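What follows is a pair of complexes built around subunit A, which joins subunit B in one and subunit C in the other.
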Partner chain A sequence: MKYIGKPIKRKIDPRLIRGDGRYIADLNIPGTLCAAFLRSPHAHARILGIDLEQARKLPGVVAVFGPDDGTDFDSLPVLFPHPKLVPVTQRPLDSIVHHVGEPVAMVVALNRYIAEDAIELIKVDYEPLRAVAQLDDAIKFDAPLAHQHLESNVAAHFQQSVGDAKAAMKEAPVVVHHRFKIGRVSCLPIETRGLLAKWDYNGAEPALEVFAATQSQHEMRSILAKLLKVSETNVRVIAPDVGGAFGAKAIFYVEDFLVSWAARMVKAPVRWIEDRMEHMMSSIHEREQYHEASLGVTNDGKILSVMDKMLANNGAYVPWGIIVPIMTSTLIPGPYKVPNYFCDATVLYTNTVPLAPFRGAGRPQAALILNRLLDQAAEKLGIDPVEIRRRNLIQEDEFPYRTGLMSRDGKPQIYDSGNYAKVLSEAVEISKYTEWRKRQQEYRKQGRYIGIGVASAIENTGFGSFEGATVRIEITGDITVLTSAATQGQGHETTFAQVAAEVFDVPVEKVNVREGDTGLVTYGTGTFASRMGVLVGTAIYKASQAVKDKAKAIAAAKLNCALELLEMKDGYVFMVDEPSKRISLGELAHEARGLFPGTTFPYHITPGLEVTDYFAPEAASVTGMTDIAVVEIDPNSCAIKILDYTSVHDNGKLLNPLIVKGQVQGGISNGIGTALYEEIVYDRQGQLLTSTLMDYLVPSSCEIPDMKIGHVETPSPLNPLGMKGAGESGTIPVPAVIQSAVEDALREWNIKVENIPVKPAQLRELLRHKKQVTASGIR
Partner chain B sequence: MNVKGEVIVDANQIDVWNALNDPEVLKKATPGCKVLNEIAPDSYKAEIVLGIAAVRGEYEAEINIFEKSEPNRYRLVMKADSNMGFLEGNAVVELDYNHPNTTIRYDGEAQVGGLIAGVGQRILSGIAKMIVKDFFKKIAKETKSRSVS
Partner chain C sequence: MQRNLKKIAMTVNGKAYTASVEPRMLLSDVIRDELGLTGTHVGCEHGICGACTVILDGRPVRSCLVFGVQADQSDVITVEGLADSNGELHPLQEAFWEKHGLQCGFCTPGVLMSACHFLQQNPNPSREEIREGISGNLCRCTGYQNIVDAVELAAETLNKNKSSDTESAKEQGVHSGRAVNV
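What follows is the complex of A and B.
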């Protein structure tokens, strides 16, 4: 391959680095008004009365909307319904609020300053209702109800089962247990959410144009059309440059509806830019789950049975169904052979920000469970943690591998391909694992506490249902690629150009990729679940092949020769035997659109060197990964330092190893945030205690270690280029590997590290408790 | 968060009790209190301006006294709203006379909501404790100055 697989630098970077990016806040549309939202200070309350008059009187205020304006609004649509789910979705400007930060009223004014001043003039009379925020409370039988109309806080209760886990556990010679308390995090893109909505009343029918910081312009179009009761043809959603998303911008929020609706009411463009505090209290969170898990193994460490009881917080609503806990429950076995498995999952409503997929989407939680149980089993059996993993991995010759579980799409879960043992071996080698184990002993003699953690995991990537692409040869000879994707920093403009460049054999510079606009490609789904490379990449590949065939058909007619005698390279179609007989792509594009008006079209192809194609994969392509981390813990302060970090991934055939490396580094940094620093905290009454970056700790470059990153490439049989997703896999093994390393470093004290994030204060408490117990003679 | 403490006043129990029920004293003792009106027996409305870090702002407060058992104890329920969020307090105040001093003991819960709950959370419990302590210290001071005059 000439272009695919090459570490080509990102085409988009020079423009963004120069500050020439164009984000929602940069758009300059004359007459645009600004919106601001009044948000609930209560976690659960009924609005008894609201006085909007003072706000309306403020000079510069154009309109103020409150609950009385929203009585006819529909609730947001239920996405991903599930037979076990009792769905509650958010209703814009509802008279009952269900979490702190929910919009209560909206001001549209000449600018944001006036809008925010007006917000301060709104008086609301709340009747606070009993609220529930934490999992421990929500599960109690007499818990306050997050939604008064429901009988309990249970949003869903479901199970996953393979074999007879209970019976196998009973017979297992060695059984270990571990509990997990996983905290909640914010997605935290650098660019917050934002939206600019503009109606045009001068056409045949009113038409809406929305510029949005979104991952899913087609989904947004479809939901806006439904809620605003207009046809999709009259709604265009454009995602210009989007500064990161990580899941936060895949969701359709009430603000998206309200800004578009308000623009229609005030008959002017309206823009809203979310501020950081709004982001913390209204954009989705993820990760929060509790687990109690058991593992039964043979005396030589072979897995016999895994059982898990999961509690998952879903916040006040289900904007993306219960995808996250479903993902966790189906991926706990991961890369290991688990003959008997049982998972009992309870998903709970609470009066907090809703939880929905954030980079990794339930998989970092899944990776924790079995990896950490294997740590316990290895300790008990005196086997090296790497060795016990090696003994249980699915082998290269066992693919396609059926786990016996159902995937999130309702079909049997099948891993298409992989080579987990090779991934593990490379990680062991690159990390110098054996050497670190020796050094660990030496350091211990010097009073230093070093721990080594290892974790293997998988990711099901490239989910359906489909994505599309239009590929066109311009009369300049340039290639235009239009896709249904949206980019938030993934480097699509480069990787997708590489795919087309490969097919047409032209330099990457000749390929221009455009996306993030419903006007480009009729249908699409969105950028999430590590699926764009696989789906859009394949759609481009297929459409490019078809365009190439059309170009060759015209050339064959023009040069009067058989198709088989022609090849395409560097912008020309030429005869293999006689390369001087050639036609440029530009000329062929010109021919393909008919030379002059009124002439008869001479070729047996559809006019235009352009083809639109879609790719709908039959199943997810499954990636594999192993991380190894070395940490040092200061026994006095319990500060945790990462000394060494290794990550080996099998993301299938790589389109661009440089970009994949960036994704892995970014993913690991995200994972380190989850594992050691970031945590959204609510008090028991549902008050958000971490609404600023002063209280919500995000790792900076100083906390992120140098990483050794390796790749294994096992092509997927599910698409012609053998691709697998790569956007999220970096995050997945990190919490497991860090928790594992920390526990290893403190092995002397025999403490169990159960929390994520792992915080020095918890460790100190665990050590203090252990020392007290030891001192009192109870061992 | 729990707010608990005690202040010893160099005065007899009746004087302290009267001070704790006198709108003028309450106004002087409440930090940042600009206006305090008795709207019904044991029910007050106040305007309070706080100038402390994260809770800086103008608050409209409602103070109600319940479960009165003269001159030994009452329950004080306070609710204050501002654009930054709300403060709520619910505390039992008990007096204990031990010649020549009276001890004021308070034990209750404070709840902070809205924007201020999330801003500077780490310093909030310190601020709450300081405000409450300050309140009872001023009550002590006012009682003393009244009993002297």
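What follows is the complex of A and C.
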């Protein structure tokens, strides 16, 4: 391949590094007003009265809206319904608030300073209701109800099962247990959410144009049309440059509706830019789950049975159903052969920000469970942690592999391809695992505490249902590619250009990719779930092939020769035997438009060198990865330092290794945040204790180490280019590998590290407790 | 609506600007909304993320923590001032492109400004020192490794340019044409 698989520098960069990016806050549309929201300080409360008059009187304020304006608003639609789910979705400007930060009133003013002044002038009379925030509390029989109209806080209770896990566990000669308390994190793109809505009244019907920092412009269009009761034809959603997303911008939020609605009410463009505190208290969170898990193995470490009991917090609403706990429950077996498996999951409503997929989407939690259980079993059996994993991995010749579980789409879960043993071996080699094990003992003699963690995991990527692309040859000879995707830093403009460049055999510079606009491609879903390379990449590949065939058909007619005698290269179609007989792509594009009105179209193709195609994969393509981390712990402060980090990935055929490596590095850094630093904390009454970046620790360049990244390529059989997703896999094994390494470093204390994030204060507490117990002579 | 406006004058990227602003208006908002230089991004407005970093009178500052009126009579350099007057990219910008040091690009202007000042202070940094030097700028996309690689590469290029500049300056005396001299 000439272009696919090459580490080509990104086409978008010159614009962004000059400061010429156009993010939502940068758009310059004359007459644009600014919106600000008054947000609830209570976790659960009824609004008894609200006084908007003082705010309305402030000079520069254009409009103020409160609960009375929202009485006929519909609740947000239920996405991802599930037979076991009792769905509650948010209703804009509801008179009952269900978490701190929920919008209560909205001001539209000439600028944001005035809008925020007006927010201060709104007086609200709240009747606080009993609130519940934490999993321990929410599950209790007499817990306060997160929603008063429900009978309990249980949003869903479901189970996954393969074989007879209970019976197999009873028979197992060795059984180990581990508990997991996984904290809550924020997606935290550096650009917060934002929206600019503008109505146009010059057409037959009012039309809405929305610029949004979104991952899914097509989803947003359909929901806006539904809620605003207008035709989708009259709604266009455009995602300009978007400053990171990681899941936070895949969701449709009430603010998205309210800003668009308000723009219609005030008859002017309205923009809202979320501030960081709003982001912490209103943009989705993820990860929070508790697990109690058991593993039964044979005496030589072969897995017999895995059982898990999961409690998952879903916050106050289910904007994306219960996707996250479902994902966790179906991926706990991961890359390992698990003949008997049982998972019992309870998903709870609480008066907190809703949980929905953040990069990794339930999989980092899944990867923790079995990897950490295998650590316990290895310890008990005296087997090396790498060896026990090797003995249990699904083997290369066992693909396609049926796990016995049902996938998210209701079909049997099948792993399409992989070579997990090779991924593990490469990680062992690159990380110099064996040397580190030796060094660990030497360091120990010097009083240094070094721990080595290892974790293998998978990601099911490239989900359906579909994405699309239009490919066109312009009369200039340039190639235009329009896609249904949106980019938030993934470099689509380069990787997708590489796919088209490969088919047409033209330089990447000749291909222009445009996306993030419902006006470009009729249907689409969005950029999430590591699916764009696989789905859009394949759609472009197919559409490009079809355009190429059309171009060759015209050339065959013009040159009066058989199709088979023609080839395409460097902007020309030419005769293989006589390369001087050639026609440029631009000329062919011109021919494909017909001569002039009234003439008969002379070619046996549909006019225009343009084809739109969609790709709907039959199943997910599954990636594999193994991470190995070396940490050092200061025995006094319990500070944790990562000394070495290795990650080996099988992301199938890579479109651009430079970009995939960047995705993996970024994913790992998000994983390190989850594993060691980041935690959104609520108190028991649902007050948010981490509403700024002073309280919520995002890893900086000093916390993230240099990483050694390796790749193994097992092409997926599910698409013509053999691609697999790459956006999230970096994140997935990190919490497992870090928790594993920390416990290994403190092995002589024989403590169990159960929390994520792993924090020095918890470790100190565990060590102090252990020392007291030892000193008292009780074992 | 004209409430208590103060007139301020600043040199931004070598060009003189005046604006009438409320005393409470943040420098970040003055730069973006009054001067129309939207390359400076706002990520947290409480001085942690570093996306809004600009060079104010020779020192990097978070422009969300400075009022516009405090910058009266000051010299400001933003990301738009990094490339030279012919539009040629600064070696730091080139290095970020070369090393894939950015993904979404939102934190990038702030990182570039911090790194630019850092390399003035420390032209031959170790990787550890680079990490320390840019630790006030949060990036959620890259995991920082490629940013460190880029700053390392830029240091090399700048040092090379410096030695060849000294050579050619001896011969003919040159002017860089950049708002920023690194």
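Criterion: the second predicted complex is superposed on the first by the 779 of 779 C-alpha atoms of A that agree within 3 Å, B and C clash if a C-alpha of one lies under 4 Å from a C-alpha of the other, contacts with A are read in each partner's own complex, and residues count from 1 in each chain.
The rule we apply is simple: a contact is a pair of C-beta atoms (placed from the backbone, for glycine too) under 8 Å apart; a residue touches a chain by one contact, two chains touch by 3 or more.
Since the model is a prediction, treat every value here as computed from it, not as a measurement.
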Could you tell me whether subunit B and subunit C fit or clash when both sit on subunit A in the superposition?
-> fit
Report for A:L688: first if it touches subunit B alone, second if subunit C alone, otherwise both or neither.
-> first
In the overlay, answer first, second, both or neither for which of subunit B and subunit C A:N153 touches.
-> neither
Looking at the overlay, does A:D706 come into contact with subunit B only (first), subunit C only (second), both, or neither?
-> second
Per the overlay, which chain contacts more subunit A residues, subunit B or subunit C?
-> C
Could you tell me if A:M281 is touching subunit B, subunit C, both of them or neither one (first, second, both, neither)?
-> first
Determine, under the contact definition given at the top, whether A:T518 touches first (subunit B), second (subunit C), both, or neither.
-> neither
Answer with first, second, both or neither: which of subunit B and subunit C does A:T346 touch in the superposed model?
-> neither
So, does A:H42 touch the first partner subunit B, the second partner subunit C, both, or neither?
-> first
With the two structures placed on a shared chain A, what shortest C-alpha distance in Å links subunit B and subunit C?
-> 11
The shared contact residues of subunit A with subunit B and subunit C are 692, 694
Any idea which subunit A residues touch subunit B in the complex?
-> 41-43, 100, 119-120, 277, 280-281, 681, 683, 685, 687-692, 694-695
Touching subunit C in the complex: which residues of subunit A?
-> 9-10, 12-14, 16-23, 25-26, 28, 59-60, 110-111, 113-114, 188-192, 241-246, 273, 275-276, 488-491, 658-659, 661-662, 665-670, 692-694, 698, 700-702, 704, 706-707
Can you check the complex and tell me which residues of subunit C touch subunit A?
-> 1, 22, 24-25, 32-33, 36-46, 48-49, 51, 78-80, 82-83, 89, 93, 96-98, 100, 102-109, 112, 127, 130-132, 134-148
Subunit B residues within the subunit A interface of the complex | 83, 85-86, 111-115, 117-122
